[in-house]
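Shared between the two complexes below is subunit A, which has subunit B as its partner in the first and subunit C in the second.
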Partner chain A sequence: MAVTRTAPAVRAGTIHVLPKPFGIGATIGGVAALAAAFVGLLLDRNEALQEMMILVVVGAGAVVGGRTLGRFQERPKRISPPMAMSMLVAGWSGAALVALIAFALSGEFESIPSAFFEAVSATTTTGFTTIVDPQELTHAMRFLRVMLPWLCGLGVLIAGMGVLPVAIAGIELSPSRGLRRSEQLVTSTRGAVRNIFGMYLLLTATLLLGFLLGGMGPFDALSYALSTASTGGMANHAASIGHFDSAFIDWVATIGMVAAGGSLVIVWAALRGAWDSVLHSTELRLYGCLLLIGFLGVWLIGDNLTATEAAFSVSSMLSTTGLRSGNWAAGGSFTQAILLIGAGIGAMTGSVGSGFRLARVVRVALEVRRSLRGLLYPHRIGVIRIDGEATPEQSLERTYGYLWAHLITLTSIAVLVNVSSLDLMGTLTFSLSLISNVGIVLTDENIAAAVVLDRWSQTVAIVAMVLGRLSIYPVLVTIAGFARWLGRFRPHRSIGGS
Partner chain B sequence: MLRLERRSEKRAAGFTAPSRRIPSTVAHICGLALAVISPGLLIAAIVEFIGFGDGGPMLLLCSAIFAVVGGALWFSTRLGDLAPRTVFAAVAWSWVLVSVMGALPFILTRTFQSGASSFWIEIADAVFESTSGYTATGSTVLTTLPDLDDPNPRVGQGVLFYRQLTQWYGGMGFVQLVVTVLPALGRRAMGFIGAEAPGPTADRIAPRAKDTARLLWQVYIGATLLMTVAYTVAGMSLYDGFTHSLTTAATGGFSTYNDSLGEFDSVPIEIVAIVAMMIGGTNFALHWLFLARDRAVYAKDHEFRAFIAVIVAAIGAVTAMLLIGGEIGGDLGPTMRTAVFNVVSLGTSTGFGNAQGAGTAGDFVAWGAGPLIVLLILMTVGGMSGSTAGGVKVIRIRVLGAHVHRLVARSRQPRSVIPLRLGSNIVSDTVAHKIAVYGMAWLAMLVGGLLAVTALGAELEEALSAVIGSLSNMGPALGAAGPTATFQDAFSTPARLVLAFLMIAGRLELIAVLLMFAAPRRSLRKIRPHKHTF
Partner chain C sequence: MRVIVVGAGEVGSYVAERLSRQGVDVFVIERDAKRAAHLAETIDVEVITGSGTHPTTLAEAGIDAADLLVAVTKSDEVNLVASILAKQADVPRTVVRIEAPELRGHDAAGLRRASGADLVIDPDEETAQEVLSLIEMPGAAEVAKLGNGEVFVIGARIPDHAPIVGKSLIELGVENEPDWDYIVSSIKRGSETIIPRGDYVIEPNDLVRIVCVRSARRKVAKLVGLARDVPREILLLGGGRTARLIAEKLRGTGARVQIIERDPDRARLIAEKLDGVRVLQGDITDSDVLDEADLPRIELVAALTGEDDANILASVYAKSAGVPETIAVVHRLNFLDLLDQVGVDAALSPRTATANGVLRFVRGDVAQVTTFLQGEVELLEFEIHSGSRADGSSICDLGLPRDVLIAAVVRDGRAQIARGRTELRKGDHVIVMAEPESVDTVAKTLD
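And then the complex of A and B:
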């Protein structure tokens, strides 16, 4: 069969469109650093003056540098899918680089690799940390750890729902046409940014109010609100939200995590009163079912967990947030299995959450059903309909491909990562947690977000978190394209040389 | 030609009095499947008599029961509908029936009798053991297996022989055996073989499907006899050599001893076992082609090359990890011996062990997380398609990998048409789609099985490894169900029955089991009176 060749992915044109997204990413990191410096100025005062100065310099430098980079680039006439994927990677790289510089220069981390791990964990909204007790950090540094995921989560939402669907028609997991058209969430890039930012801010503000009502101090309330809304899971305390030992706070966080793991498109539709579209969403119904079944399973069959802890744990894992309240590892193997499977499945499309995502689970389930029916009735032509829309075969094929890529990545991480303190299940949950950006590891009947890693495992974990956050393909496409671009500079062999 | 085939089918179906026989493909195949087990039980009874065991009469009775019940089902029915759904249902139900009925010899000889357990648990244990045997899985709940120098073994030699024989029947598949016996299935025979065959497609090495089945069984019998000779030369007794060759050729992993092959503590026996397991894990069609036509067939086959690459890579990784971790004392020789044996045993889904008790070198549950993850991957991947090994199969993994590669290439070049390639071969989209669906169904079964088994009280590590092991027809699990332990302590009785169901699902590559209720439901719908419109 003939192979039709088109232009290579990362050619000169693609490289030329990368500075602006890289600059935007750097600006995001810079804004986070400036915000952290401001918080430090208010709360740390003279105790960490040097650190604040570093944050101001890094933040200001990143904002100015980022904006300047964007000015050098002309607006591309057309954004192709590989171009968009590379832009996504470039954007994330900018934010991670600034975060790395800020963490490394702060001197709070024992080494540059540890600072890099923390930076990647924060910018990918994972929540793993090398800091055993975050209370030892300054307020500024703690705030930076939660602000980065919040801003990067916003970036993921805007890129995933705002920019890319406008730029590229028919990406794999775009919201259903009915929702897109009727609710006008994504009409233009500017409109999308405004709407998404508005909803994200509303969720965060609501959580802030809830946590304040629950008795948290303003700093902790703001930090946990940012952490919950972004599904980042970074905590200010070693025991995470469990530190407050308050059922009210747990329920506020539970509702916040459920909302953060839900699709913003659906929230938007609900806010506009389009309940018909909302209630007919297959993905939302599956999300609701999994939350309910998971909650009942953990609460009724699991051991030693109250209803509050069960609801908290299920929403934390399914939304891939990774906040902790109580120790669900002591809830027995069934609880562990349910929560780990939930973490593997992940949140809804169009949310900040990560994981395999529910929309893909719907597609996979419908495909299995169609194939079995096809075996029973060989002459039947089956079309997979989701929310009343026929799903294109090419899009389905991409979903299966993503499933295998996800599994291959997960398996590779499990083999490559080597943490001496973890047993088999610990290593497997760590790997799953990395690829799903959850940030919780199972250790000897306990759960933790703090891990002690050697250099090799840190490197593997960093790659895994990036692959998980950026849904694997963009990273692979960028690497492949970059390799081809580098290949252009290789000296050509002369065929008929002298 | 088609008319001739149909006529021969009709003639076969109506052998004596067509009008009196009930047209039921499912019952017909089930009957014949039971009947072909009967001679095996007769041999087991003879072995039991020779070994002066107590179970001889019961085994003889079982042989008669299998012959009578199987014969009655066979002669009272004829082949009816041969639509794919019926073929899948016939194959799946015959496996369920044989696995359940296969427990009868264990029940009647009271093999699982113990003071603590009730009779119902004894029956459940017998069904588990029988299912594990016929699906060539190798998981066991038999805690009374003898040692090599045991003067008074609790389980008779005939019963143990039958236990080994179950795996041999299941290894190549008794439906395939049935196909060689059925007078005229015609072009439908390949459907039966395909529904049972391990791998995405059934290999055809002769023009007629029936001849293909017969040739494969001939190779299988030949391999078993060859392994018997090799084991005997390596130091086993004839009985041990033959019984172990039955389960090695089938990549089943049952042993007649408590410590499996570790009981012998013999390097030559382990070398023979390693080679024999590799033969069992390789496509039997390749073996036939090697013997009959092409001496270079192994080197040419891309799946075989990939299979060898997986095994060699796993040996290297496990050896390196064990040397670094120092689990086996840090010496290269013993480490290499343990790594090679266990990697091949798990990579071919056999499940033999070479540990001489809990905590010794071959007891891999005591290893670190790294080697255990490699072993879990091997358990999942399994052997080659067309072999007696279980698992997802190397060819499927390769196709799935190629699928990902193609999608990444397509992401860079969205309008390109890129065929799915394996070496120089192009895999059709239909086959690739079938493989993708199989993978998704496998994952769904894994998740469902994990939830069910943990809900029934098993620990997470044991549950995960046992569910993977059962779906891959592997045998030992990890944790408390490792190579030196049984499934008795790690899993409750209901959990073991769930695992037994997964073993059948894994052996029939899921699809047949998922469709097994479709044909009976359709038949029932036909019987149900129609609603009158007026």
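And then the complex of A and C:
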């Protein structure tokens, strides 16, 4: 009698829940395309009629298709963490695919791989580009480059904080102290979406006003507000915000980047008057300390950078925004080292920013302290306590596992990326920028977001940006789940004869 | 009066013995045949072998005629069921021991109500309170509070250098004039405990109990040679519930608390739950572990495990390492003399702490009962009711036996040390030191 082996049902279930998030992602991409088409209609008029038509068709098709896909899927009874991770990846994939189609059909990019690179860079809020001078692009295309990160950043925030039951690699969000359950940022799904969207919109509107007051035109003000709030860093000018040569605009952007890299949970607690939660946040204190130390270090010890440039550069790197103002390479090796570390660490948990993230840095630092104490006091039970709460060992183990995954990925990227024009510092900043989604290359002599890459480097960079934006594990979990699902179609191995 | 005690463990046997000495008919139900036989041989009670959750066993103990059921086994569930069965048999009052926090909390209020228990006792909580009282009064062997905290009873082993040494009670009385704020209420010398009279002279190594008003407790501490600061560096040996309760209470006082617990899982749990408390995992008799706690800095060690030998050994080690104050929980009272000899400053037992609650309940006319681990005397608090023979009488006119001492009177919330001429009034709370055999006489006199 033959004994057959069947694939676990849960794998099929994981695949089964992906159409809807993919559809939501596609809808997000479609909305961005339609918004870009509308901007093009207002500002480009007849100059780019064909491009607008393409955007309308792609956008409308994505919205209709995305919503239709969602209808074919029943609501899952339970969403397990691996399912949630795969749904996150599916959502991003939907948005990236629409962005790729829009960019590829626009004719603004020299090849489909370049369009793909731009699409991934925008949807992962990285900010790298293959366009040397964005002013050559139409308004519609420039707007699509900043709208996509804004909408995808919002999507990541809502999915990560409010909808999916997933705490990737041990950075769970704690509820704010002193607030009742009904007053928390994340209550019901609908409440979470409303609160997160409201705060994101508020930050964007405030930045828009600030940039307008600084003398920017309405289109640029809106573009840079979207780019800053999302930490996307996509710019309308080759010199980024440095193009405006305005200290006021630089400071508005600096404050905006600091806010965007901060935790929405903390901001929410502050707005609701739960100061206990704000003042006792270890992560916030570390964020403040690193910003201050980085600023003072770059300003006082580094070379040639003004206080404004120092503040701008540190907040841009730490928040993983990647907007630029001035040539930070002139700051010397010390400045470069500080900025490199900032990009590696990244933003706070609960923000749209990326990177290794401060919450994990706090955990790793406390683990170092615990290990040291363990040597001095071998019998002492070391408990890692963050914000007064004991952190579960299981969660800590996931963080340490993630640290290794992050380091291995970073090292692999640095080895695999082969950009002949970059020096050592350039290769390091490029690799860090990819995995932290900063979007800046800082060499010994220059700073840039536009990169010229061969196919191989471009492919590695695309993978790196996606791994960084989605915190590595969801991508690997999805690939593993997909491979298992494909395994169902292999002929079953029989044991014994019939 | 007929009382059924379910469980002849440490608490049950102690309660049975205390009640039996007051002439109460005590029936003890114990599952373990060996333990039951041992109890029957050592104290004057009726012992039935069986479970307190079996109606037949309860019937055998005469549940129909019982006035009180005291269920104090180690199992909360058994105690609750025994109480339910007793209430079904129309026993007027039941006392149950419940330790699990889940059953003591608000969520289990319905269950407790359903059990019909009139009093719920918790030995861990009582023991923790006793340790905390001893921490407040470093060097004391015993501390008790009565009269709503207005009256303190401080028991201390008198050191050679204590100012009280060599003085008679008359001399102390003269020094204390005109308004006495303390009185020596009992003295244990050797194995004998007495309620002393005027010509009795205090000697070194006496275990003296002094009743004082709240404001005089520091003065009394100096008098008996205990003038020390309240300890700030505290080491608790054993991470059981008692230690956790103590640590929780001490956390807010600024004291630095360390706990040593043998079980790794429990040690981790404590470390996670108690922020600010340092937890070491290891055996309390392991000198490496004790040394890691930095004993020279420690001001008080309390050994709270369930193992007497480990508690005593660790306390002795701590004492030898220079810890000024040691407290040990003991379960076998024959170790008490040994503790005195090896210099352990205070000993306490969950049994006395728990028994006080039960005895108070048994004697419905008494507001408070305190028994001591060393010595047979009891400290009682009575309220003078309207129509009492004592209402309007002077203490010297009450004709109380010589082994009874009215030590203090709390009137309108203010405590005063009682003198022979003190006139009692309705509403007074009277603090009395007495032998158990005289308790009934005192109760009748003051009722």
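Details
FYI, the second predicted complex is superposed on the first by the 466 of 498 C-alpha atoms of A that agree within 3 Å, B and C clash if a C-alpha of one lies under 4 Å from a C-alpha of the other, contacts with A are read in each partner's own complex, and residues count from 1 in each chain.
Please note the rule applied: contacts are C-beta pairs under 8 Å (C-beta built on N, C-alpha and C of every residue); 3 or more make two chains touch, one makes a residue touch a chain.
On a predicted model such as this, the values are computed, not experimentally measured, just so you know.
When the shared chain is aligned, subunit C comes close enough to touch A:G388, but subunit B does not. When subunit A is checked against subunit B and against subunit C, the one touching more of its residues turns out to be B. By the touch criterion defined above, A:R380 reaches subunit C but does not reach subunit B. Shared-chain residue A:F334: touches subunit B; no touch with subunit C. Using the contact criterion defined above for the overlaid structures, shared-chain residue A:S80 touches subunit B, although it does not reach subunit C. Residues 378 of subunit A lie in contact with subunit B in one complex and with subunit C in the other. By the touch rule above, subunit A contacts subunit C in their complex via residues 377-383, 385, 388, 390.
Taken in their complex, subunit C has these residues touching subunit A: 260, 267-268, 270-273, 275, 278-282, 288-289, 292. Across the complex, subunit A meets subunit B through its residues 1-9, 80-82, 85, 297, 301, 332-334, 336-338, 341, 364-365, 367-368, 371-372, 375-376, 378, 397-398, 400-405, 407-408, 411, 414-415, 418-419, 422-428, 473, 476-477, 480-481. Every residue of subunit B that touches subunit A in the complex is listed here, in rising order: 84-85, 88, 317, 369-370, 372-374, 377, 400-401, 403-404, 406-409, 411-419, 426, 433-434, 436-437, 439-441, 443-444, 447, 450-451, 454-455, 457-461, 463-464, 478, 511, 514-515, 518.
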